[in-house]
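Chain naming follows the written order as A, B, C and D, and within any one chain the residues start at number 1.
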Amino acid sequence: MRPFAAIFVPDELEDGLSDRAWLEAMLDAERALANAGALAGVVPPAAAEAIAEQCDADRFDVAELARQGRDAGNPVEPLVRALRERVGDEPGAYVHLGATSQDVLDTAAVLVARRACELVDLARVVDLCAALADEHRRTVMAARTLLQQAVPTTFGYKAAGWLVGVDEARERLAAVVLPAQLGGAAGTLAAVGDQGVELLRLYAAELELPEPVLPWHNRRTPFLDLAGALVTTATALGKIAGDVVLLAQTEVGEVAEAAGGASSTMPHKRNPVAAVLAKACVRHVHANVGVLYESHEHERAAGAWHAEWHALQTALAATGGAAAAVARSLDGLEVDRERMRANIAAETLSEAERVGIDAAQPDDYLGSVDAFIDRALKRCQTP
Amino acid sequence: MRPFAAIFVPDELEDGLSDRAWLEAMLDAERALANAGALAGVVPPAAAEAIAEQCDADRFDVAELARQGRDAGNPVEPLVRALRERVGDEPGAYVHLGATSQDVLDTAAVLVARRACELVDLARVVDLCAALADEHRRTVMAARTLLQQAVPTTFGYKAAGWLVGVDEARERLAAVVLPAQLGGAAGTLAAVGDQGVELLRLYAAELELPEPVLPWHNRRTPFLDLAGALVTTATALGKIAGDVVLLAQTEVGEVAEAAGGASSTMPHKRNPVAAVLAKACVRHVHANVGVLYESHEHERAAGAWHAEWHALQTALAATGGAAAAVARSLDGLEVDRERMRANIAAETLSEAERVGIDAAQPDDYLGSVDAFIDRALKRCQTP
Amino acid sequence: MRPFAAIFVPDELEDGLSDRAWLEAMLDAERALANAGALAGVVPPAAAEAIAEQCDADRFDVAELARQGRDAGNPVEPLVRALRERVGDEPGAYVHLGATSQDVLDTAAVLVARRACELVDLARVVDLCAALADEHRRTVMAARTLLQQAVPTTFGYKAAGWLVGVDEARERLAAVVLPAQLGGAAGTLAAVGDQGVELLRLYAAELELPEPVLPWHNRRTPFLDLAGALVTTATALGKIAGDVVLLAQTEVGEVAEAAGGASSTMPHKRNPVAAVLAKACVRHVHANVGVLYESHEHERAAGAWHAEWHALQTALAATGGAAAAVARSLDGLEVDRERMRANIAAETLSEAERVGIDAAQPDDYLGSVDAFIDRALKRCQTP
Amino acid sequence: MRPFAAIFVPDELEDGLSDRAWLEAMLDAERALANAGALAGVVPPAAAEAIAEQCDADRFDVAELARQGRDAGNPVEPLVRALRERVGDEPGAYVHLGATSQDVLDTAAVLVARRACELVDLARVVDLCAALADEHRRTVMAARTLLQQAVPTTFGYKAAGWLVGVDEARERLAAVVLPAQLGGAAGTLAAVGDQGVELLRLYAAELELPEPVLPWHNRRTPFLDLAGALVTTATALGKIAGDVVLLAQTEVGEVAEAAGGASSTMPHKRNPVAAVLAKACVRHVHANVGVLYESHEHERAAGAWHAEWHALQTALAATGGAAAAVARSLDGLEVDRERMRANIAAETLSEAERVGIDAAQPDDYLGSVDAFIDRALKRCQTP
C-alpha cells in the first residue's frame, strides 16, 4: 500500500509482500520444479542441482526483471531467460521444464500469500477480545441499535461478539487451501509426456503445498476462497474498529485507545488512530477482492490473471494492517466503567423495567449474557 | 431483478424471492417463536396456538406492510402490529415475545436464502459438464492462452475444468451455515429472563435451522459465507458462459447453443444467448455481494442491515439465473469436432512437435489430459 | 428494489421504473423511428401512421414479452414481432426499419432514466439544507474530526456543507447528456443507405433527445456520466444521512427526526429511520454503478449490455429513494441548540481559547463561518 | 502498483506517485501556506521566508515520516514537527498556521493527482486512433455483436468509436476541478480570525490551484469527479484493449501488436501483451475508485479519508498504465486487410445483400460510415 506504507502495514508484512519476496517465491518454484523433475526422471540430477544452486534471489535484480517483464507481460519470462543464462547451455535446457509462466507466478503467489497469512496476527486479536469479554462480563453499558440506546448489555458481551467474529475469520483463513500450480502451457503437462501427474505430485511435495485435482490456471477457486476469508477477516476487524471509534466519541467516552493519536493542531485530542487506520485498511480489502471476481478466459486469462497480483498483495497487506491496528487499538484499551453506567439513558432503564427487569439486579436484566459469553470463550479456546 | 425479470431469472426462483415469500418466511419465524415460547414455558400454549393460526400469509397484505414499514424502517414492525391485532388482546401480548424486528427479518432472510439456494440448480450443470468431459476426452482442440492458440488440448479437458469449478462451487454453497437469529433488542434475550439460551435452542429446532453460538445481529459471518459461495458459484458459471461465447464466435465456430437466439434484424445469426445472459447475471452477483461487505455498528447497523435485503435477493436471483442459463447453454450444445481440429493453426501443431509430440498419436501429445479428466470425474461423483 | 420496495423507493419513482414504463419507452422509440423514417422518406407516411397507432402500451403484455425475450436475450425482439403482427403485413415491413434491438432498448433506457432523474427530488433537499444553513448560522456546536470534538463550528455551517454537496450533485446530474441511440446492427445504419445520418437526426428530434456524434452501442460514456452523477448524488445524500444518524445518537442528542421511527420492541426509541434508509439506498447506488464499468466488446457486448438494465434501474431507484428519505429526515428536523452548546467539551473550548478566541464572542471564534455560509447560499440560489 | 510495478506503470508516472512526490507536494502546501500567511499579514515575512527555505524534500526522510505517522494516523503531523524543529523556535510557531493535517495532505493529493493526470498520455492514444480511423475508412471488416458476425463495417469506423471514447475521456479528465484545501481543524479557519477567506484565496493562488467555495474536508466532490473521469478513461482504454485482444485471436488474426509478446514456453506465440496489460490496469481503476465512494463523517472522516490516499494513487497509476499500454498496442499495429475481408462469413454478406446492398460497391453497403468517421475526426481535432 502506497503512499506511506508504514502507516498502514507492519514492516514484516510489507517485506513479506515485497518484490524481493515474490522473486524468492518464484525461484522456490523453479527450484522445486527442477528437483521434482529429477525425481520424476525428466531432468538429469546434475542439471537439477545446477538449477537449484542458481535459484538464489541475490543473483537477480528484480527491478530489472520487472522492467524486462513489460514485453512479455510477466516477470517469469525474463527470469527464466536469466536463470538459463546463469545455469549455462546444457542444464539450461532443463530450466522451467514442463512449466509455463503462470505455473511459476501462481505458485509464487501461493507461497507469498501463505506467508502473508501467517503474518496476519489474528491470534493476538482473539486473545485481546477474549480477555475483554471475560473481564467485562458484568460491565453494564447501553446496547445501541441504529446508534440509539436500546436495552442494557455488557461490554464483555460486546467483546464476546468481536471475539467470535475474529475467531470465525481465523477459521476461514485456516481452511483456505492454496495448492501448487503446474500445468504447462495448456494445463495438460504435455511437455513431460505421461509424467505430468507424477511431476505435479512431486512438485507440490517439494513445496509442501497441497496438490490440486487439476491445474487451476483458469479456475481460480483457491484465490476466491482466500478472497472470501480475507473479506470475513477484514469485516470482523472493521467491526471492532468501528465500535471503538463510536465508543471513543467525545460524547460517549466509554473507551480510549492507550496510545491515542496526537493531532497536528489540537494537542488535547486523543484520536482513536489505530481503529481509524484499521477502518481504512478494511476498505482496501473489500475493494481489492473484487478484482479477483473474474472468470478467466480459456486456458489463461487475458488480463484477469495479470490483475490478480496487485489485488492479492494489497488485500493481504491491508488485512494484516487491519489486524495489527486492531491489536494496537485493543491493547491497553481504557474502558471507563463509570461512564458506561452513567451513559445509560433514563428511557433505556425504564425499558429494562418494562420487560420486568430490576435494574438493581444485573443478573436478571442481562438475560443470557453470561451464558453467551461462556459459549464464545469456549468456542475460541485454542486446543 | 427488474426490468424484464423473466429474461434472467427462472419463474420458480423469482417466486421464491418474491415479497410474498419473504412474508411467509417472516410468519414462519413468528410461529416458531410462539411455539418455542410455549415449549420454554414463557408463552401459554393457547396463546401460541392462537398466534400460529394467524401466521398465514393470506391474511396479510405485504404491499401494505411494506408501505407502512417505511416509518419503522422495516416490515416487521407493522407485521407484528397487524398480527397482534388479529390474535387479539390477551394472546397478542405474546406475539413476538423476546424478539426484535431483526430477529424475524434475519430468520426470514435465512429461510428465503436457503430455499433459493436449493433452486440454484448446479447439479444439472455438473451433470452436463461431466457428460461433455467424458464424451469429448479425445476431441482435440487448441488450447488458448491470452486468446492465442497455445498447444493442443481436448474439449473434454476443458469441460473437466468447468466441472471441477462448478463442483467446488456446489461444495461451497452446501457448506454455508445459515443459523436462526434470535437475540432480542440487544442480543441478550433479556426479555425472557434466564430462558434465553433455551428459547434460542427451541426456536432454531422449530425452524430446523442451525443454532448460532451467539445471536449474530451485528456479526454477519453467515451472510459473508453465503456471499463467498455465491461469488464462487457465479464465477464458475461465468467461466463456462465466457468460454462458450468465445468458442461460438463466427470465426471459431467450435460450439453452438442448441437454441441459439434470434436477432431482431439478422435472422441468420445464432447468438449464444443463454451464455450471454449468464454473463450478465454473474456481474450482478459480483456487484451485490459487495453490499454485504460492511461491519455493522454496535448492536444493530444503521443502514448496512437494511441494505442486505435487496443485495441478498439480487445475488441469489442472479446466481440462480446464471445457473439456469448455463444449463440451457450446455444442454444440447453442438460441438463441432471437425472445426476444432481444423482450427488448430500450423504453428500450434509445430509447437506440439517441438516438445516431442507426434500429432498423429493423440495419446502422446495430450499429456495428462486423460488422467486429469478421470480425477475430475471421480471428484464430482455424487455419493 | 425488492423486497419491500415501498420502504425504500417513492411510489412515483417505482412506477417510473416499472416494466410498464420500460415498455412505454420502447414504444416511444419505435414510434419515433417510424415518424422519423417518414420524414426521411424511407417509410411511407401511411405505414408510419399505422405503426404509431399501435405503439400503445395497453396493447401489449410486458410480462409475456419478457418471458419470450428469454430466447432472444432481450424484450425488443418479441416486441417487434408483436408490433409487426398488429400492424399487418405491408406496413409491418417498416416497423423497426434500420434499427437493432439495442437501439430501442438503449433509447428506452435513456427515456426511463431521464424521467427517473426528474423524480429524484434534490431541489427539496437543497431547500431544506439552505433553510438550515441560514437559520442556524450562529447555532454553535462542536466540530468533530475522527468523531472526536475538535473546535467549535455552527450547525448552519455544517448544513452549508451539506447544501453545497447536494447542489454540486444537482449540477452533475443536470449536466449528464443522454442521447438517442440509433445505429442498426453495426452502428452503420446501413439498412437505410445514405439516409442514416439524417434518420438519426430526425429520430433524436422526434424524441426530444440530444443527437450523439456516433451511435454509442459499444461506447457507454453517457451511462458512465450518469453513473458518476448518481455516485456524487448518493454520496452527498449519504453525507447528510450519516451526520444525522451520528447527531441523533442518544448520547449526542443534537437532532431528532420529526417522525422518528418506532421500534417493534422499544416504544421509547426514536430512531432516525429516514436517515438510516437513506444510508442503505446509498450503498445500492455505489454497488450498482460498478456494473456499468465495463468495456463493451466489438459492436455489441456479450453480457455487459444486458447487465446494464437492472443496474441502471436499481441505481436510479436507490438514488431517488435516498433523496426522498433525506428530505423526510430534514423536514422538520428538531435541532436542539441547548444540547449542542452543552455538549461542547471543556477541552474543546480551551482549544478555542488557545487560538485566541473569546468564547463569549461567537463572531470571533467562529472564524469564517459566516462568510462561507454566504458563499454556499449564493452558489445554490436557483437563478 | 506492486508487485512488479514496471510491468504496468510508466517510470515517470511511478515517480510522480512515489512517496517522495507526495512529500514534495506536502512541502509545497506548507510553503504556500507560509507565503499566503505573509501576504495576509498573519505570518511575519521573515518567518515565511525561513519556512519556505526549509520546505525542501531533501531535508526530510519520507520513510521515517511514514513510520512516525503511524501514531498520528497521517504523515503530516510528524512532518510539521520536523519542519518546526528545522525552522527553529520563533518562526516555528508560524509553521502550518491555521491549517490541519488534512489541509496539507488533501492539497498534496491534488498536486500529485494533477501532475499524474498530465502524465496520463491520452493525446497519444487519440492521435493513434485518429490515424487508424482515417487510414482504414474503407477497410471492410465484419461487425460483431455478441461476438457473432453481424453486417459489414470498416476498421476505420471501429477506430473512430475508440477515438470518440478516448476523446470524451480526455474532456472529462480536463474538466475535473481539483481545488486547494484549507480550512483548519473544523473548516472554519478560526485560527486566523477573520482572515480565513482571504488566506484561502491567497493560498490557492500561491499554488495556482482553484479556490473552493468552502473547504471540502468532508465533501469529496472533487475526488468523485476525478474518480468519474478515471472510470471513463479506463473504460475507453479497456474498450480498445479488449477489441485488440479479440481481433488478435489466432482464429481472427485481423490485427497484431507490432511488438507482440514472447512466451516463456512458446516462442511462436505473438501475444497482444500491451492490450492484456491495459485490461489488467483497467480493473484496478474500477476497483479503486469504489474506495472513494464514501460519505465522510462530520468534519473529518474516521477512515474514509485515510483510505483515499492509496486508492487515488493506484487509480492514477493504473489509468496511466492503461494509457501507455494502449499506446504501445496501437503504435505500429499490424492491420491485415485481406484477412478482414476474408473473414466475413457468407451469411454476413448475404445479410448485407438482404438489406439491398451491393457488396461490390462499398459506398452503398457501408451506410453512414464515412459521415460518422468525419464527425468523429472533427470532434477530436485539437483546436
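The rule is short, and it goes like this: a contact is a pair of C-beta atoms (placed from the backbone, for glycine too) under 8 Å apart; a residue touches a chain by one contact, two chains touch by 3 or more.
These numbers come from a predicted model, not from an experiment.
Chemist: Any chains in contact with both chain A and chain D?
Modeler: Looking at chain D and chain A together, the chains touching each of them are B, C.
Chemist: If you tally contacting C-beta pairs, which pair wins, A-C or C-D?
Modeler: C-D
Chemist: Let me have the rounded angstrom distance from the C-alpha centre of chain A over to the C-alpha centre of chain C, please.
Modeler: Going by mean C-alpha positions, chain A sits 37 Å from chain C.
Chemist: If you average the CA atoms of chain C and of chain D, how far apart do the two points sit, in angstrom?
Modeler: Distance between chain centres, rounded to whole Å: 25 Å.
Chemist: I need the residues of chain B touching at least two other chains; which ones are they?
Modeler: Correct list: 73, 100, 144-147, 150-151, 184-185, 191, 241, 245-246, 263, 266, 271-273, 276, 282, 290, 294, 302.
Chemist: For chain D, which residues are in contact with chain A within the complex?
Modeler: 1-8, 17-19, 22, 63, 65-67, 69-77, 80, 96, 99-101, 184-185, 191, 241, 245, 259, 261-266, 271-273, 275-284, 287-288, 290-291, 294, 302-307, 309-311, 313-314
Chemist: Which stretch or stretches of chain C touch chain D in the complex?
Modeler: Where chain C meets chain D, its residues are 73, 100, 143-147, 150-153, 157-158, 160-161, 164-165, 168-169, 172, 184-194, 196-197, 200, 213-215, 218-221, 224-225, 227-229, 231-232, 234-236, 238-239, 241-243, 246, 282, 286, 290, 293-302, 352, 355-357, 364-369, 371-372, 375-376, 379.
Chemist: Which stretch or stretches of chain D touch chain B in the complex?
Modeler: Checking each residue of chain D against chain B gives 142, 144-151, 245-246, 248-252, 263, 266, 268-273, 276, 290, 343, 345, 347-348, 350-351.
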